[in-house]
Amino acid sequence: MSEPILEMRGVEKRFGGVRAIDEFSLKVEPGMVYGLIGPNGAGKTTIFNTITGIYHVDAGKILFQGKDITKVEPHQAARLGIARTFQNIRLFGNLSVKSNVEISCNMNAGYHLGDALLRTPRYRRVTKETEERAMEFLKIVGLADKGEERASSLPYGHQRKLEIARAMATNPKLLLLDEPAAGMNADESLELVEFIRELKERFQITILMIEHHMDVVTSLCDACTVLNFGKTLAAGTVEEIKKNPEVIAAYLGGDE
Amino acid sequence: MAQELLRVEHLSAAYGGIHALHDISLEVEEGEIVAVLGANGAGKSTLLKCLSGEKKFLNGSITFDGKPLPSKPYQVVENGMVIVPEGRQIFYKLSVKDNLKVGCCLRNDKDGIRKDFERVYAMFPRLKERENQYGGLLSGGEQQMLAIARGLMAKPRLLMLDEPGLGLAPIIVNQIMDILKEVNEEGTTILLIEQNARKALKLCDRAYLMNVGNIVTEGTGKELLADSTLMEAYLGQ
Amino acid sequence: QDLDTENPIKIGYVGALSGDTALWGQAGLNGMELTAKQINEEGGILGREVQIIGLDGKGAPDDSVTAYKKLVEEEGVCAVVGTNFSSCNIAIAAVADELEVPVIATAASNDQVTVDSDGNLHPYSFRLCFIDSYMGYLAGTYAYDELGLKTCAVIEDITDSYSTSVGDYMVQTFTDLGGELVASEEAQNGDNDFRAQLTKIAAAQPDVVFIPWNYENVCLIAQQARELGITSVFFGADGWDTTELIDLSNGALEGCYYVSRPGFNLPDAAAYGEVYQKEYNVALESECLYGNDGVQWIKQAIEAAGSDDPKAIRDQLEATDSFDGLLGHMSVDPETHNPSRDAAIFEVKDNEVQYVGIYDPESK
Amino acid sequence: MKILIQQIITGISIGSVYALIASGYALVYSLLDFSNWAHGEVCMLGAYVCFMATTVNNMPYWLSCVLGIGGAAVISFLNEKIAYRKIRNNGSPNMFLMIAAMGLSTTYQNLANVIWGSKFKQLPKIFSVGTINFDGIYIGTTDMLCLGLSAVALVILLLIINKSKFGLHVRAVACSSRTAGLLGVKIDRVIAVVFMLAGALAGLAGIMYGMKYNIYPTMGNVGLKAFIASVIGGLGSVPGAIAGAVLLGLIETVVSGYISSGLRDLISFCLLILILLVRPSGLFGVDVQEKA
Amino acid sequence: MLNSFQEGVLIICCVNMIAVLGMSVLTGFTRLFSFGNAGFMSIGAYAAAICSVEYHMPFVVSILIGAAAAGAVSYVLGSLTIRLRGDYFLISCLGFGECVRVLFNYTKNITGGANGYSNIPYKTTGIVAVICTVLAFIIAWNFIHSRYGQALSAIRENELAAAANGINVVRYKKMSFVFSAIYAGWAGGLYAHYLRFITPTLFNLGKSSELVITTVLGGLGSLTGSVLGTIIVQILPEIFRSMSEYRMLFYGIAVVLMILLRPDGLYGYREFSLKRLIARITNPGKSKTAKEQK
């Protein structure tokens, strides 16, 4: 087995008296789609926030490709190759759909302030490349024809896709998706599953995903962890987990 | 026959140049649960925005309890129609308790309010635990619970919910359906938008199916569930 | 009668006509217009009608420069009166030298209004008022020599060049004569609570406190000082010179002095004040007298030159060895363009501003 | 020692005037999340109304005060009704409200200049007939009154905001007026009442201020101090604003008294930055952000 | 040719435009409000003036030093305050601006204090001012349309998302703060060499708010809007100059009306484009819907 791309060791995060994550450990192998599920308020989003540096943990360690990223800032996390989407969509609402993606592409754009101010040939070339790259991502998510629209005027489902495109444009190795299928109907969820699979194949990325739609989790995830009160309730393949009585009692409920 | 509570006739609405609703007509009878289903961008939320007085519509009419819908959102609430809006819309600087208090801002029956507090806390024990936390610091799902609970606190005649199951754990979604059933049995009429068509149809008395700003069909929940071509065409199931 | 109205003599006015110092700007302009009306009734200047054109300089150097330029370039005035702010006139001075149209400052008392910081004369800049150093000198001498006070304190507005330079000169003269400075405090334009500074002054117990401010702040400072138990004599300069001093000070200035030019106490000015009151229905301000004197002085210069050519006017202004206006008699020092005129001491006594007399330490 | 006590007393009394202005200012901030830069001008207009009533129309002083306070409330309400409401309904960013307020403040200042001229006017000084002398330490009566009034205003505002149903509605609207409307809160009315309340406070502050220092068109500039005070205390927090105001008054006097009156503002500013570096939301401010 | 009055108005307009362009980058694109930019202007003005007068440096060098001085100070200030949010940042800038003014008043020996600093050579002619403005516009335009400018817009829209997409929020905010300060310093240096005399009061809070108001009126997020805004704010009062006491009153009312009637400013979020103007003239119906969509 190869080295895990993401590893969390005994991570703890408290908010006042609330232990949002407690002694949490996790290993994600490269190339997998890993699911993170659990009841509301179990601490899933908080885990994402600690990985991406939005919150800093109170105890424990987070390793990314063997490197300690416990104390990184959000933009550093992005530069290391961790991209994410947000549970409450956070687009650059007043900017065009295309700019949203371009801004992410820019992370790796190779020109300097001097180039920009003087519009050197390098600036022109890189800008053109960036634009093309952005369009490519828009094509992948099927928003190519909406490039000039304001991001906030897109319907909810499209906004989700745009957020994914934007995250992908940073060229990540690990993609964190926070409830990508929220607000989608069954059909759309299926489409999303296909889309995420395609992304994974095409860009060779690892995906860590929070999701409440069990059919999405079932069809995508190679393995998953169930979280409850900040602690691991169960971990394993989706099939195993679905049969786990504790998980059923705490999370799935009767009929699914 | 039950009495008609809400009637929407030939409603159309637009955002700038984009038409989001074309000539929509529907009605809700007292005591019913009516679901509105449809894909992303079909215009469901826009419909509820019109009904809650938040969005001005272009044409058509809305009558509630025989009277035309007033123009200000708070007047709509005074009439007894309350919405649980899309995207939770929690008062993030208010505590959970205060959020709920705002929910019942038009009520004056102290005892009733106290009882309802107990009741929603019983429905969502999570909220009781977080009673004094700022709403904005709740997890996504907890916020959703709070939004629903806040809507219930208003004790409306017609409760409108825009995707109440969004971001909730499956077990909670099931609970919510039960809660809605219960509330309905106590006399509240419900207009529900839900992405999980199967669950919604099981719950509702009648449903409307929307597609890109139009109503394509209507029927009882059972009828629609049984119509597999329809389900596949519009809901992908 | 046979007034030439086709070909008027245009005199410009730059001053703050808007904003919080508009009162004085308006007063200056009114004074000029009243005087022009009187002159026109008496046959104008060289038989030509006098026209006053007033433009707003907002009391700011940049706006005043623009207003001056507009008066010269677009309105074709032959001379400009204004402003009452040193900073505005310092900025205008360099421009005036280029456009070659004389400007007569009213209350702008900073040395640099007519002579730049290297000591070069601005040939086209003149003024009607005392310079700061002279007022400071008079106040310091009078306080030490005549009143026999031995220790002093000062409170200055550090954002106002008038206040700082008059204050510095007062203190310097006083200490040069042998007095002692026991407290030196600063405040800023816009402040209206001075008790922190005054508490320190109170502790130093000076014989005299120099307050080179505008009368409104003087009244606040004086009242607050009395509230804190300060019993010293307060001494000020021409910023105190107003009819409202008594009203606003609520008795806090009893027994205090200031130095200024004769003005309201002169019979001519009083008569003018009555006409002015009738015409505009507001009280006379010293700025009106300045406005009047500005116009009259220009009239005298034009008549002496026999033309309204700006250069000729300038030469005549520079050569003025006697001009009698409502503010008394004056002559001009051609080296500095500063007027030399009588200075008077005023005392607040029995709830009234009393004219003590002309004061000239040299003559003693 | 005596000087120190005197300085502290002076500081507190200067601060108490700031406090009275800051409380109304903080009230509006807490509601609409914007700095109402016209607040100082409402104080000014209130003071002028009172002045016109007493000196020109010879009304009794208490009635003039009531008129001044009422007038300020009405003006504040009109600001909301004519300008702010429309901007809010336009859905413009909050900063636009601030810019509009700046425009209003310029307008009122110059209007006052045109109507009353820029000269100082005096209100009858019924309270400042003297200072109380405690063994060489002087305490102004107006100051004590201001401090008392700020304290009363603080208590009343705190009760209203935290304990009453109206206060809850105010806080809800402050957080999201859209959602509050959807839940049945009469947003426009709530906001209008808050503006009237803030206006009344402004009028009161203006009259107190006028009694102490005379009234003139630019007296509203002291609103800036109130703004700084509320920032020190934490924007939107009424107790914070009042604490910040007293603190600012103290800092200013102590700096003037013991370091340098010329560098007073510089040093107070450095302290402000220092406070903000330690507590980026001011002393009492809480910064609740929507979580990621 | 222009007479000296017209040239003067042109120069003042150009100088302000440079400062407003800097402001536009900071406020329009990054959505940081600074009421201290007059302070940076004064730093630029005094530094440039002192270089010219005391050290007889060439004009260009003085201006560059002035701009650099303003930039350096803003860097230090920004390092401390850029993390503050909203009004807290605003007040720190405001306080800074006032402090600079007090400091210049206080340091009489160097700056002349309230007496002002005079005898500065007249170097900012109409041509110089116009060239500088064009240069300032091109630089700002290139900056805004590069990845740097895009990053600033992203920060304006959503800081958290910007950070999650690899943008170092603090660094970029500071960059735009320094950018606006350099522009202010540049404008200040030019101003000193136009007026030949500077005093601290020229750069008071009123000046800072004028810059902000101009930027907002021009339209947040639009450089061409800022240009237009400056022209209106500078030229309009010139027309009213003879209306004296009502002048500032009208200005205040105009500001309120503009905000009410054109909430996005003259050109909010968009740049003026000749193409669109032509399209609107030739096809009025279509461009109207485009506007409504906003």
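Here are some notes:
Order of writing sets the labels: A, B, C, D and E. Residues in every chain begin at 1.
Note that in this section contacts are C-beta pairs under 8 Å (C-beta built on N, C-alpha and C of every residue); 3 or more make two chains touch, one makes a residue touch a chain.
To keep track of the chains, here are their UniProt names: A, B = ABC transporter ATP-binding protein; D, E = Branched-chain amino acid ABC transporter permease.
Bear in mind that the values here come from a model prediction, so they are computed numbers and not experimental data.
Counted as hops between touching chains, the shortest connection from chain B to chain C is 2. Chains touching both chain B and chain E: A, D.
With every chain reduced to the mean of its CA atoms, the largest distance from chain A is reached by C. Measuring from the averaged C-alpha position of chain A to that of chain C gives a distance of 73 Å. For the pair chain B and chain D, the distance between mean C-alpha positions equals 43 Å.
Between chain A and chain B, the centres computed from C-alpha atoms are 30 Å apart. With centres defined as mean CA coordinates, chain D is found 47 Å away from chain A.
Listed for chain C are residues 18-19, 22, 158, 188, each touching two or more other chains.
Counting partner chains per residue, chain E has residues 102, 105-106, 160, 245-246, 248-249, 293-294 touching two or more of them.
Shared interface positions of chain D, i.e. residues touching 2 or more other chains, are given as 109-110, 113, 262, 265, 290-292. Contact residues of chain A toward chain B in the complex are 15, 18, 37-46, 87-88, 153, 155-158, 179, 182-188, 190, 212, 214, 250-256.
Put simply, chain A touches chain E in their complex at residues 52, 54, 73-75, 77-79, 83-84, 86, 90-95, 99, 102-104, 106-107, 109, 111, 113, 115-119, 123, 127, 130, 150, 153, 166-167, 169-170. The part of chain D that touches chain C in the complex is made up of residues 3, 6-7, 10-11, 13-14, 109-110, 113, 117-120, 122, 125, 131, 133, 136, 138, 140, 213-214, 216-219, 221-222, 252-254, 256-257, 260-262, 264-265. Looking at the complex, you find that chain E touches chain D at residues 31, 33, 80-81, 83-88, 90-92, 94-96, 98-99, 102-103, 105-106, 160, 205, 209, 212-213, 216, 220, 245-246, 248-249, 251-256, 259-260, 263-264. Those residues of chain D that touch chain E in the shared complex are 29, 35, 83, 86-87, 90-93, 95-96, 98-100, 102-111, 113-114, 224, 227-228, 231, 235, 262-263, 265-266, 268-269, 272-273, 276-277, 280-282, 287, 292.
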